[in-house]
Amino acid sequence: HRTGIMEAILAEGKDPDDIVEIAKAQVSATGRVLITRLGKDHRAALEAGFDPEELEWSLHRTLAVVHDGTPAPRTGGVVAIITAGTADIDVAEEARMVANEMGCETIAIYDVGVAGFHRLVGEMLKLQEKKPDSIVVAAGREGTLPTVVSGLVDVPVIGLPVSTGYGAGARGEAALLSMLQSCSVLSVVNIDAGFVAGSFAARIANTVAKARNGDVDRE
Amino acid sequence: HRTGIMEAILAEGKDPDDIVEIAKAQVSATGRVLITRLGKDHRAALEAGFDPEELEWSLHRTLAVVHDGTPAPRTGGVVAIITAGTADIDVAEEARMVANEMGCETIAIYDVGVAGFHRLVGEMLKLQEKKPDSIVVAAGREGTLPTVVSGLVDVPVIGLPVSTGYGAGARGEAALLSMLQSCSVLSVVNIDAGFVAGSFAARIANTVAKARNGDVDRE
Amino acid sequence: HRTGIMEAILAEGKDPDDIVEIAKAQVSATGRVLITRLGKDHRAALEAGFDPEELEWSLHRTLAVVHDGTPAPRTGGVVAIITAGTADIDVAEEARMVANEMGCETIAIYDVGVAGFHRLVGEMLKLQEKKPDSIVVAAGREGTLPTVVSGLVDVPVIGLPVSTGYGAGARGEAALLSMLQSCSVLSVVNIDAGFVAGSFAARIANTVAKARNGDVDRE
Amino acid sequence: HRTGIMEAILAEGKDPDDIVEIAKAQVSATGRVLITRLGKDHRAALEAGFDPEELEWSLHRTLAVVHDGTPAPRTGGVVAIITAGTADIDVAEEARMVANEMGCETIAIYDVGVAGFHRLVGEMLKLQEKKPDSIVVAAGREGTLPTVVSGLVDVPVIGLPVSTGYGAGARGEAALLSMLQSCSVLSVVNIDAGFVAGSFAARIANTVAKARNGDVDRE
Amino acid sequence: HRTGIMEAILAEGKDPDDIVEIAKAQVSATGRVLITRLGKDHRAALEAGFDPEELEWSLHRTLAVVHDGTPAPRTGGVVAIITAGTADIDVAEEARMVANEMGCETIAIYDVGVAGFHRLVGEMLKLQEKKPDSIVVAAGREGTLPTVVSGLVDVPVIGLPVSTGYGAGARGEAALLSMLQSCSVLSVVNIDAGFVAGSFAARIANTVAKARNGDVDRE
Amino acid sequence: HRTGIMEAILAEGKDPDDIVEIAKAQVSATGRVLITRLGKDHRAALEAGFDPEELEWSLHRTLAVVHDGTPAPRTGGVVAIITAGTADIDVAEEARMVANEMGCETIAIYDVGVAGFHRLVGEMLKLQEKKPDSIVVAAGREGTLPTVVSGLVDVPVIGLPVSTGYGAGARGEAALLSMLQSCSVLSVVNIDAGFVAGSFAARIANTVAKARNGDVDRE
Amino acid sequence: HRTGIMEAILAEGKDPDDIVEIAKAQVSATGRVLITRLGKDHRAALEAGFDPEELEWSLHRTLAVVHDGTPAPRTGGVVAIITAGTADIDVAEEARMVANEMGCETIAIYDVGVAGFHRLVGEMLKLQEKKPDSIVVAAGREGTLPTVVSGLVDVPVIGLPVSTGYGAGARGEAALLSMLQSCSVLSVVNIDAGFVAGSFAARIANTVAKARNGDVDRE
Amino acid sequence: HRTGIMEAILAEGKDPDDIVEIAKAQVSATGRVLITRLGKDHRAALEAGFDPEELEWSLHRTLAVVHDGTPAPRTGGVVAIITAGTADIDVAEEARMVANEMGCETIAIYDVGVAGFHRLVGEMLKLQEKKPDSIVVAAGREGTLPTVVSGLVDVPVIGLPVSTGYGAGARGEAALLSMLQSCSVLSVVNIDAGFVAGSFAARIANTVAKARNGDVDRE
């Protein structure tokens, strides 16, 4: 773990049976393992290869954690994940599940849109009561939402561009560029890089949690 | 004028003395002429070559109308021009002065920012009382403002990307792409194309004004 | 509807049965719903799920309106849609059906080519008699047609680039860039963005229609 | 001359005095030499270094031929050069002067615009009476003119994109791409490559002239 | 035929049965019709729908001419088509068959490589004896061959980039750019645009042939 | 301050005298003001307009804080800024001074190179003793350093690409892309966006400091 | 063999049966032939068409050498091939098998990662004992490894970017650009161009081996 | 020197007096120092600050070595540097002087063109008699020369793209891409990266020289 990035299994491009085998090996070694970018066949193989209570699924079942009852670690960090639309949810779930495996409590606020500004302000007020330590905001097409959210809160906001849209600036390009050009306090990760966004948000939240827990003394 | 685009003098790259000469010829032919993209030397030459009352200047004196007292035509059309920041004003003034020469009353609302959403909503409420027929919204960097404005009003909104910013997506590229990817009802013109934006907005406003004036009968 | 953009169902990437279900829910709520980017399977599911008289189809059946007899609203606005070739028709139909749902009468002039200039002039003369309030011009490859049309008429023209062609500038890129660089009075939407073009054209037409109907008083 | 491209002196980036010296050497060797891309200082140096009758200038004096009275060769080939606007003239003159030095009679039709289609048709009718063997059409911004010309004539048309315009597709990019995507019979050269366009047009014209003169027998 | 481009049927994306039907209609109208970009199914449909003697095939059967015995016109023009490799042949055949339908005799020299310079010089010497009026040179990857050929012959050479290669500059991009940057006398068409290259080469050859035949008198 | 971004004066493109005037106004309002991207003339004007003890300079005097004795706020947050080379220092100083004005103690470790891995490991060990809450790593050309640093520490690392280098991937493009593609836990800001990097790092550090100080209670 | 590049059969896009036939012809002519980019069907055809002892496979069986017992030539050159991850192996195997066919002993060090710097240093120390004459380093995503390796050894290092990754800079683009911008002594080949990398590395190694063997005398 | 790249002073962007001072310090430390990318003022400062015999200049005096009589090391390696045109010489000289400082004998063959193939073959025959260990080939515009040279010799050839040309593919882009797409055995460095090309070529040559001198024993 020298680079500090969580190990996970990237299912995309791998044989479904191999996934089950790798997952079994990993679970017996560490108790839990996250598997990302599952297709239909991977899903079926996991359902055949494991008992239902050994599996935790993401919202659209494009990710899963396989475990032997070992719970995820708990650091006390809190990460919020917000999406502009429903098309952004799979990428957002990647961020959420990684953050969870890295020990954070996660708060998912999906499909707040950009249109209903008043609804958004309301959601942000409710969110701030839950005191997140960091926030990932996923958005495709023109990628406005992270800019707006960062202007409404005080905690670090990470922009996560999603590969939606067609024509010029499609597949997340406009979203990435407009986040990089944003006038708000914002850092970004690559298009569809939910894994990195979740890891980075969890690293922030865990640093904050440690401070809250007095682990870092600074006399 | 078969393409329906207004004639104007582009000062950029031309000799200051030539500008004065061309302007004189044009004024004696048509009474008025718009000159765009003026540098310091062009400005000085115009001030030396014409009486103050023969000149109408844009806000930062990067455009001028030279005239012999002939007023601009009045169609009854109303065009609003909004900018996100102060860096967008010169390009916005190009749109405003073209629309004015094409016969429209113009309303300039500059530097409303994107941060102060409540201020923006207030400005838009005031604007709607003035019943503009079309709105040009100039914005650089991430170019969010036209999207937001189009969600708040009912009249046609034209996005005008401005060549500000540095790094990836700089010089108006992110702004143009995010306007093209916008989820709102929006059409766009090229980066810094204040002239086209103003002409197009005026064409809409003039079409509306004609209808208002009953020039178009449709029994 | 705060952003003022019409709600429609994007079929692309969705399950045919889900489409039928969503459409049924929407129709019972609002009487009518537009569905875009239909594939073969979506088409079959709609034909199985609804009576023929509940369905209005686009020219190549890539869009459909499902309704319970409720007619589309009528504002009095008039939108024309022109295409350069036959390959541009599906994107043009998107613009046409959106404009229709937004209350406008629509006039489709498809496949006028760029070659036969005399035929084009003739078509434009006939079109002007029908007094459209705005015109969408769809064109792929080098995207010349909107420039030419805007030079022949007085109403606002919206360029709609279409993703045809191969090699450098393919998939609508040359068309988009040449519309952005056009010397005519032209605003543009993104490549294949028939939905936005139709919405924007309808917004213009509805603004004009309101003026024509005296809804906007300006004493 | 193995590549068959004419030798000429590229002034850009060279010392004015060196230009005079190189030109003198070349003239005493071959009687004539073409110098391209002259700046103000190059111009002054040529005027100081040669008698007026030793110099032939292009329209805006950005090219010159220096000679000792030796006339340019005459092959009988005829090349026409057309420009859309005045900004395209310097690049067009490069094509014209190269074609002249390569032995062709040249016909310059500058600034025909794209707007006035009827004027263009008239010009093309007049041009066809002069029976050009090939035509170079220079155009910037959206680069429409070569497509239109090629649809009106029967001889080979070469598109020459010019580096005008700003924003997306600027500096000739849109012009080049739209010529490459053109639906007409058209070949192109690089942006601002008047030298290549003129050479290529002259090669065509000289091939035709040879055939006309019976030099190529094919029994 | 106002644009002067040959009519042909583009099979790509069309139904095989429709192709047969369109071809039948066209043949009974004009005697012959060219069909381009045939897939396996189109090929089978043509073989089922026509007698063998009604069909002329390209080298790899990706194009076909359907005819009722009417021969192609003969103008006396001569067009040569050269390819660097075997991967360039299908695109080259497009050029060759168009030129043939436009009345030209065609000479195909395929797969000369760039390696064997001496073999190339030999082929060019043999070619010059056949006195082609224009030459199309198709090349992918780095696209060197047209530059080399143009340096060895006196007739107009058209560079035809082909979409081969992977990595940076792949799919014909490096080939197109290096032809545009070439130091030889060269004009180019778009990537894979064999149709345009053949039409343009035929237009040159037909212009030369007319001169040879004395059709153009210039006293 | 709704977007939470610090106000500062961007000197680039402004008149030196105006800078002094704006700075004076700001200082009398808030006690301190940061000025970024100073040129030679701006520097001279500041030196003439203020007493030396009213000015705090960055390392190369491309930024300055003007103040009336009011100290910067102190939050207890700690931000480290690391650069790969000396060419990255000006951009890094932007990050450092913003973080300082936002209340953080800053630790600058400049020019650690990428070559001397052992030296880097040593520097990181020393750095971790100082317990930074977040780290900005500036790097140009191939931009490797942030990836390496993030693999050696546990706190959040922000990659800051710098516009150095020539050729393909120049001006920070390769650095930005390789940070976005990094296999480490890393978020990034735009090229040369030291201001955003510093603001974001300070927001993290201030969130951590608040937790350390017990300001956030979460029972 | 005038260009000095090894002949091999590219299976991609070819019929499996044709591959067997071409391979048989080649083997009977030269004793051995390398086949690259094999798919499943090609693999099956080779296994059906040849005896197991006639086949040498690459690690993942995406390449094969077919032979009649003729051994590969031996020059004494030594080429090492290193990969950052497992996804880079197929491209690396292309380099390794070409180098082997060109007469070199090859040393494969796969999946050393970039994280474990100490493991990497250890591997490089072991490698240097084997005295490679040149080293190919394959890496995807941000492509850091070749830069690091070149800083640790004295022999020529060739960077081989691999088309992995998603988002901005994906498919090897960031890897290629960061290798081109590298501060180390490094030359590069195109993305996925294992064949060229192996050929180039073998050419170096063979030049060194010749010198070692005293074939090059230089008195 | 962990990365194995030679230290040199990059003059570009540095103060002329600073250059002299840094050079003096370096010379007294190591006896010699290479300074690259000199402008006019740097040149004058060096001439004022050092005796003529302390300076070795490149062909156009854009590089210099300052020394105290200490000769460059001699390894016995031999590097050849070839350019296509005269515009490529400054970049080639960078490669040549670095290779010289790294201990190699250098052979410069400048301006061989691409046109005169026979002259090129002649030059290559003469070159091979001098038995270079590696060859750098600099070329701009379409960058053909390295491909051709690599096909004529047996030693490693490094392509060095040069930033010449205008239009599409300008500033070395077409040259870089066509070298990356080359069908020959070729590795490349970045555009204008003479420093890297020379270092890499010298590393090859020094590896060969060591083998020749028996320094590497391999029993």
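Letters A, B, C, D, E, F, G and H mark the chains as written, and numbering starts fresh at 1 in each.
As a convention for this text, a contact is a pair of C-beta atoms (placed from the backbone, for glycine too) under 8 Å apart; a residue touches a chain by one contact, two chains touch by 3 or more.
Note that the coordinates shown come from a computational prediction; the quantities given were computed from them, not determined experimentally.
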{"item": "Chain pair equivalent in interface to A-G, over half of contacts matched, among A-C, C-D or A-F", "value": "A-C"}
{"item": "B-C against A-B, pair bridged by the larger set of C-beta contacts", "value": "B-C"}
{"item": "Interchain centroid distance [CA atoms averaged], chain D/chain F, Å", "value": "53"}
{"item": "Mean-CA-position distance for chain G and chain E (Å)", "value": "38"}
{"item": "Where chain C touches two or more other chains, by residue", "value": "2-3, 114-115, 117, 151, 167-169, 173, 176, 180-183, 190, 193"}
{"item": "Touching pairs among all chains present in the structure", "value": "A-B, A-C, A-F, A-G, B-C, B-D, B-F, C-D, C-E, D-E, D-H, E-G, E-H, F-G, F-H, G-H"}
{"item": "Parts of chain H lying in touch with chain D, wherever the complex brings them together", "value": "114-117, 166-169"}
{"item": "Chain D partner contacts - residues on chain B that touch it in the complex", "value": "2-3, 161, 163, 172-173, 176, 190-193"}
{"item": "Touch list for chain E against partner chain H, complex", "value": "114-115, 117, 141-144, 147-148, 151, 165, 167-170, 173-183"}
{"item": "Residue ranges of chain A in contact with chain F within the complex", "value": "2-5, 76, 131, 133-134, 150-156, 158, 180-190, 193, 196-197, 199-200, 203-204, 207-209, 211-212, 214, 216, 218"}
